[in-house]
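Here's the structure we're looking at; comments come further down.
Chain IDs A, B, C and D follow the sequence of writing; residue 1 opens each chain.
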Amino acid sequence: MVSRGSTAVQDVVIRTHEKVELRNPILVEGLPGVGNVGKLAADYLRDQLPTKPLATIHSKFFPPQVYVGEDGVIRLVSNELTYWRAPAAAQRDLLVLGGDYQGISPEGQYELTEAVLRFCHELGTKEVYTLAGFAQGHVVERPKVLGAATSPARVEAMKRFGVLFSRNDPGGGLIGASGLFLGLGRLYDMEGVCLMGETSGYFVDPRSAEAVLKVLTNALHIEIDFADLEAKAKEIDRIAQRIHDSEPKAAEGPAPPREDLGYIG
Amino acid sequence: MVSRGSTAVQDVVIRTHEKVELRNPILVEGLPGVGNVGKLAADYLRDQLPTKPLATIHSKFFPPQVYVGEDGVIRLVSNELTYWRAPAAAQRDLLVLGGDYQGISPEGQYELTEAVLRFCHELGTKEVYTLAGFAQGHVVERPKVLGAATSPARVEAMKRFGVLFSRNDPGGGLIGASGLFLGLGRLYDMEGVCLMGETSGYFVDPRSAEAVLKVLTNALHIEIDFADLEAKAKEIDRIAQRIHDSEPKAAEGPAPPREDLGYIG
Amino acid sequence: MVSRGSTAVQDVVIRTHEKVELRNPILVEGLPGVGNVGKLAADYLRDQLPTKPLATIHSKFFPPQVYVGEDGVIRLVSNELTYWRAPAAAQRDLLVLGGDYQGISPEGQYELTEAVLRFCHELGTKEVYTLAGFAQGHVVERPKVLGAATSPARVEAMKRFGVLFSRNDPGGGLIGASGLFLGLGRLYDMEGVCLMGETSGYFVDPRSAEAVLKVLTNALHIEIDFADLEAKAKEIDRIAQRIHDSEPKAAEGPAPPREDLGYIG
Amino acid sequence: MVSRGSTAVQDVVIRTHEKVELRNPILVEGLPGVGNVGKLAADYLRDQLPTKPLATIHSKFFPPQVYVGEDGVIRLVSNELTYWRAPAAAQRDLLVLGGDYQGISPEGQYELTEAVLRFCHELGTKEVYTLAGFAQGHVVERPKVLGAATSPARVEAMKRFGVLFSRNDPGGGLIGASGLFLGLGRLYDMEGVCLMGETSGYFVDPRSAEAVLKVLTNALHIEIDFADLEAKAKEIDRIAQRIHDSEPKAAEGPAPPREDLGYIG
């Protein structure tokens, strides 16, 4: 009888599709979260810019799950890094991180964030923008963008783009990838900013994602077309209106959170 | 005083019983899950073919449990790999994976699946069939077989055996070993198919397992006798009928899920 | 700024107090569990024989807890191995494992059990007895001893000491250390027996521990005095009687499990 | 296609800000816990003494969280080690450990405690004081200080400073960092004492922290000013009084625990 043991499985696997050299790239992170604001924004940026796939990230810190496409073909849940080469001198190369999930345990959050940061650090990244939603618990007609940053200089810089730095929000700090990319990024000497779009927290919120993206593209000297995102926002408005209309009118006061609606986008 | 430390325990231990060389073997996976369809099918295939034990898999990602046989002898919970040498040129050697449990944590699912895939990869495996149940939430008289695959070519190939590739099912993708063996299998350059037998989800379902196995054996050019599985299906039918008869007749609408019945087989 | 990282902490630390050579020792395991039967039995055996401390086991798989003695001195939770040198030729050297906790996670159970087995294997251990309780859900006046073993020969051998091997019990197998020491012990070529004393499951049960110990000492050709254990059993009887008397008499049918009484010993 | 794997992430990262040599330093630990007594005490000691930052501890065993300061600047959750050089011969150098969290899992508690102990051991630490609260479940006007220690000699020594060593308290031992630093400290040949200030368990309790600190500073021959802590205690008194006044008077018997008030400080 022969006894064989497996060697340790890699906890985070980063498969690169192409070997690239980038000039001082900026990392933009947008993963699922409150109102899916960060993910909507990062995915939209990726789709509007002529980005190319750079790396696929698999991990035992994601759920053991595959998605099945309409054609019946499976895809293992992942995060994806794409890159964009800046065509103009005033612009900077970008790395955009999106994906299906954040790590599903606290340890997984740390391990995934650190693995991606190390990868981007080796590509020369010294700057991070993280995109997220900020749940207000009520419908927000014109979402503002709240901020947090790694230094007072960054705070001042972002104020010039209309970002609000509130004394009290977010009170408990930031939990999850958007905070961790900044916090652990400091250990890799990265500076960074978190842009949080106000959102109700009940729906996926393309309007909030648009607000966040407008700040980001201004700061990065990038121009993109917002028409598709605007259309998506109107579609969500219609769904929300229909749900609102179908509810009994007598209800007074703020509506209770409707978490059962989940993420639509 | 002497201080001693243990070295790291192997997380997944694969004990091989025999050293074999196989010709281009196909891995067939069937572990406990919805309606126990996958496990019933894989165990039945193993019993009908003259398979031989190849390896026993123990892991800290299984429960800390032993079973006690009728003779009082214990057996540590495990997964088992058996192999079958194809007698005919039109057939392919098989590796059949069955067992008591899937990994009981998300991380454990990944680690176990990867360890088995690596083992089978070293034996030359480039193709995987995973067997599972698809819970419909109501009794299914004639279970159909739904599919998912790693490539459009595989999807087309399986349609010829009557497998349905539904645009909407499974909506949330596949969670657990049957999906993960395909998703992680891609990292080992394996192609694969998941065959899902429709089932209510309330009972173990040999009839659904039979439907799945018929597709599989057709695709693999294997002939087995289904009499024992058919007998098992009829036994479950009788139990289900008895439960149905003993219920108050007044209940209208679909019956609630009866998870308390659990797995019988 | 200097960055320092910790190396991996040992998951299980076994500190030996003395370097010993034993002749073909038998491991006896008794850790907390149902009715605390195993722990009561192993602790009693350790106290009645002139055993000596051999090793203390600490682990991150135990709770992060210290006990405080009556003298105000703390003690980190642990498992303890003691040894006994057999004075007569007909007897065998013993290793007795007791302690405060089993591992508090499934992975921890595996890691702890394997670390102790490896340690005992290096000391020449080829045989294991595990002691446990078997919850019957009702008061048991004269507890019988149920068994499970690693081979038919062991089953037959234990029947001669009055151990019952029931066709149906334990139905779901054994969960926890007592099963795992046998199951993983097979990977170290150890043979073994689990002795389970019937118990209600509501109280700590010295009477059940006594029944288990009587079988064990018979099998090992050891004589110990049971007077102290008998006294402890009578004390528990008195407590149980007092609780029984204070309950309303009208209650019909079997009493519900009283898990809130927890372990007294 | 290139496949890249991350190497193992360090589970506990200790970043030192300065390389120091200390003379036989004593470690004082005070992390969040019951009534936040330990953290209040350690933070106050750190602020009153002219301590300097020595090391910042990050870990995947903390929550994946950053705090946002009033200036909008983020800070990754951490523990902090500061040091104090004793100016007088009768005094000893100190290492003070404070921070945002204890490890959030049992394994994390062990890993973090061991990493800090090893770090302090390398700096020559042979003695530990841990500071904590002891929940009495009712308001305590004049909190006493209970103790636990690593040896009878330490117990006797602390009695001279008014520390109570109760035969029955704490009954279940100490759970968490304050106990673990003593228990694991023994593996590094460290002696130590845990000082527990009585507290209701409903509020943060600066008065209890003051009682603990008075014992500690007496034992360490240190003098600090307690005015700020006294002011904080009075502020909590006022809040508690206001809550008490706003409650219906009819309530008899002891009030139920008010965990919803949480930690204010």
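As a convention for this text, a contact is a pair of C-beta atoms (placed from the backbone, for glycine too) under 8 Å apart; a residue touches a chain by one contact, two chains touch by 3 or more.
The model shown is predicted, which means the values in this text are computed figures rather than measured ones.
Engineer: Quickly list, by label, the chains bordering both chain B and chain C.
Structural biologist: none
Engineer: At the interface of chain A with chain D, does the proportion of residue numbers present on both copies reach over half, so same, or stay under half, so different?
Structural biologist: Homomeric contact, different residues on each side for the most part.
Engineer: Whole-Å distance, chain A centre to chain C centre, using C-alpha means?
Structural biologist: Distance between chain centres: 51 Å.
Engineer: Distance between chain A and chain B based on Cα centroids, please, to the nearest Å.
Structural biologist: That pair's centroid distance is 36 Å.
Engineer: Name the residues of chain C that each touch 2 or more other chains.
Structural biologist: 3, 8, 13, 15, 187
Engineer: What pairs of chains are touching here?
Structural biologist: A-B, A-D, B-C, C-D
Engineer: Can you name the residues of chain B that touch chain C in the complex?
Structural biologist: Those residues of chain B that touch chain C are 1-6, 8-9, 13, 15, 58-68, 70-77, 104.
Engineer: For the complex, give me every residue of chain B touching chain A.
Structural biologist: For this pair, the touching residues of chain B are 8, 10-17, 19, 55, 103, 106-107, 109-111, 113-115, 118-119, 147-152, 155, 165, 167, 170, 172-177, 179-180, 182-184, 186-187, 194.
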